[in-house]
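I'd like to ask some things about the structure below.
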Amino acid sequence: MSGPVLEVRDLVVTYTGDVRTTTAVDHVSFSIREREIFGLAGESGCGKSTIANAVMRLLTYPARIDAGSISFGGQDVLGLSAAELRRFRWSQVSMVFQSAMNSLNPVLTIGEQMGDIFTEHTGCTRRSARAQAGELLDLVQIDRARLRSYPHQLSGGMRQRVVIAMAVALRPRLLILDEPTTALDVVVQQEIMAQIAQLQAELGFSVLFITHDMSLMVELSDQMAVMYAGRFVEQGPSAALMHHPVHPYTRALMNAFPPLTGPRVPLAGLAEGVRFRDIGDLAEVAPGRWAAPLSDADRVRFEKEMSA
Amino acid sequence: MTTAPTIDGLRAETGEDAVPAVTRPAVRRPNRSFVHGLLTNRKATFGAGVVLLFIALALLAPVLAPGDPMRITGAIGEEPSAAHWLGTTAKGQDVLALTLHGARSSLFVGFTVGILATVLGVGVGLASAFFGKVVDEVLSLVTNVFLLVPSLPLLVILAAFLPPGLTTVILVLVLTGWAGSARVLRSQALSIKAKDYVAAAQVSGERPWRIMVAEILPNMASIVMGTLLGCVIGAIGAQAGLEFLGLGDISRVSWGTNLYWAGNEGALMTGAWWVFVPSGFAIAAVAFALAMINYAVDEVTNPRLRKVKHAGRTGRREEGRA
Amino acid sequence: MRYLTRRLGFYLVAFWVSVTLNFMLPRFMPGDPVSRMMARSTNQLSSDQIVQLQRLFGLDDRPLWQQYVSYLDDMIHGRMGVSISRFPTPVVEVIGSQIGWTLLLGGTSLVIAALVGNLLGIVAAWRRGGWIDSFLPPVLIFVGSFPYFWLAMGALWVFGLSLGWFPIRHAFDDGLQPGLSPEFLGSVATHLFLPALTIVLVSIGGWMLGMRNTMIATNSEDYITMAQAKGLRPSRIIFRYAARNAMLPAVTSFGMSLGFVVGGALLTETVFAYPGVGYQLLAAVQGLDYPLMQGLFLIITSAVLVANFLVDIVYVRLDPRVRVS
């Protein structure tokens, strides 16, 4: 197998506030291989989306990348010029945002918003861009007549499928899915995920999959990482993390959703008030399995809280 | 020191909580940090300083320029000199005295009208948002009609039919000035009304006016402040315009009547710039200072509008979007 | 189209309110300025004209509701009486001969201020912290703090009287024959320059700041991030994605600000003796010409209402969401 598609090393992202600066992503490293689905799990606000935006260099003030490297297929993403960056975006990495309603412009038609991907990246005519946009809609089983529709005229699931179709328009090597189904109801969620899985099988892109839905993540991803307060606390093959979580936070997450099969077990989340501080660097606990060591203070507090 | 708006703004902007979830209280109390933000904002302190200076000058006018400012104290149309720092008018009145005394009426009318119009606007806006249905329909209709009817012609016909005097000026300016704030406050109150803590208060059986005064109003402090400032600015300008047209009380000294007389006595044609420049500058200075405070209010409550600090070496603000 | 019908209904209500206000003012206000006006000018008025003015201002003995019905009828048919200050021209004719100049002055300055102001706002929002963003807003707020008429006086004094670059009064040189000759048009343009400039200067800051703030809000929308992720050119993102949306509130305030610009134009006209309705309004105030004042109020209001309806039609074209709802 060739080298990784995406390689992130020691990434640090901070948000500058008036009073203090917050580190949203703190020395995070991971890589995604060809055709691999890499899951990134963690609670809201732990820095998952910030990583996604950093990979596409979409972070703007007050967020900034303070240290680390992001390399894509051997290319240094952080060193790209403005013009190179524009070519890089969407043709190499594309992204499906959390809310399709908000990521589609309400006053432009679907056709215009799909078409300009082609006119801008391939310099083709509007007519041909429109034809290609039509083909994309075929790909996600939406009627071509919808090209003339405005976002508010489509259902939530349709809008998300349009956005997914747009994401694969230029056959990128990596697709970032930033909680792609959070805003949708369960039935539509299933459809969308099946759609993505089918497209991935057809087109063979790698996926960076961000969610806080652990069951979905374990089901779909090959490798995964668990993030807490800007730090990775555990990383490794999804099945291994699922069955043998090392870090207490991972354990709590894995226990926070009901298993689909097997006997009924009571759910046990993270007890109220449990916080981890000073999360150390990941250490290899088994081949390909990494976990952050628990500081002594955290261990003491954690055990006390959990037994209480 | 914690500034709630900053952290909230950060969340709104990035869609993420920058710090691991802390339970936030249901009712935000932005007031303390709001006041603090204003006090440390340079635009706000500058604006407040200028406004206070003018208020002080207005209060001290009888001391600084004793006697009736309308009386003739010098030669006709004198240029600024040591005796008359700002020169004299075509009648021989001291321009400095007129300007100082003019501040009294202009600021009094400006602030009175601003406060009354805001109170009316808050009342109408809150009632409209809170009672909804027919009340809202009717009040919104009235508000929109008043917003749409061009205010200066309306001012003119109202002032023309009412007996001349300060009360008329104030009444007319309040009538034409409240609608803008009512509209802004209505939509703000509507969005606050949709918040859970208001629903909680309703369910727990609090009376409507109490919910409005105790739950909704405190959370609109910055908007009310913004509309108040806007109303005062508008009132000072409108009063000047009305008086410039000769529709005010021309026997009373104000910046507007000063300019009316300057125009009537041909200050422009004789090149007597010192007659019309001071009052105009005074109006502009006060309006500008109030606008700066307003600007600061916006910045404090909406961190996105704040000045962008330039990102450092790795700051990849490629398209300069913030 | 339900949206437009609703708006039209609203404008009719606003018009009715204005007419009713006109009807009520002379009838319910303390004092009786109209009788005084009539007394002063009885010798020049014909008996027909006196009767008409009495009907308009409620000095006849008919019951109020009859007066109201006939007043509405008079207004709808443009029977607004004769002007006292421009005796014996009917009010409608006085206004008709002058409203063109006000439309020219107000329209030109409004369009220029809105276009330039919005463009500056777009640039300022996109280049946050650049010189346009940090330097221009305070300067424009400062300029905008001056009363319209004062800035007009300043411009007239500096550029008209002291430097002599521009004419200081009227809409074109005396002795020129109105027509489409280049000479006449040139004269109109030079006379238009200073009054229009003052209105533009006072109002441009509001446009710029409004657009800047909406653009900043729009820029943090997900669809802008998406457009950037798509690798679109900045110019396309700015105009096609951000400004296209940020424009919507600007279009609404365009309609709203018409009233203010009319007010500003009125004051500016009085300074430059520009022969529009504002200059006429001053003459009406000074000549205690109540029929003309009321007529001006009604015509100006109607013009603003019609303009707002046109803005609504444009808005419907721009925002697909209101087309259905």
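Chains here go by letter, A, B and C, matching the order in which they are written, and residues are numbered from 1 within each.
Keep in mind that, in the parts below, a residue touches a chain if its C-beta (ideal position, glycine included) is under 8 Å from a C-beta of that chain, and two chains touch if they have at least 3 such contacts.
For reference, the UniProt names are C = ABC transporter permease.
Quick caveat: nothing in here was measured; it's all calculated off a predicted structure.
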Farthest chain (mean CA position) relative to chain C: A
Pair of chains joined by the greatest number of C-beta pairs in contact: B-C
Chain closest to the middle [Cα centroid of all protein chains]: B
Between chain B and chain C, centroid-to-centroid distance (C-alpha), Å: 22
Length of the line joining the C-alpha centres of chain A and chain B, rounded to whole Å: 47
Centre distance in Å when chain A and chain C are each reduced to the mean of their C-alpha atoms: 53
Touching two or more other chains - residue numbers and ranges from chain B: 13, 308-309, 319, 321-322
Two or more partner chains touched - positions in chain A: 61, 85, 98
Numbers and ranges of chain C residues touching at least 2 other chains: 128, 228
In the complex, chain C residues that touch chain A: 128, 221-223, 225-233, 236, 240-241, 244-245, 248, 318-321, 324
Interface residues, chain A side, partner chain C - complex: 53, 56, 58, 61, 85-91, 94-95, 97-99, 102-108, 116-117, 120-121, 150, 152-153, 163, 166
Residue ranges of chain C touching chain B (in the complex, touch as defined): 10-11, 13-14, 17-18, 21-22, 25-26, 29-31, 33, 126-130, 134, 137-138, 141-142, 144-151, 153-154, 156-157, 161-162, 213, 216-217, 219-220, 224, 228, 234, 237, 256, 258-260, 262-264, 266-267, 270-271, 281-282, 285-286, 290, 293-294, 296-297, 300-301, 304-305, 308
Residue ranges of chain B touching chain C (in the complex, touch as defined): 12-13, 141, 144-145, 147-154, 156-158, 160-163, 233, 237, 240-241, 244-247, 259, 262-263, 268-269, 271, 273, 276-277, 279-280, 283-288, 291-292, 295, 298, 304-305, 307-310, 319-322
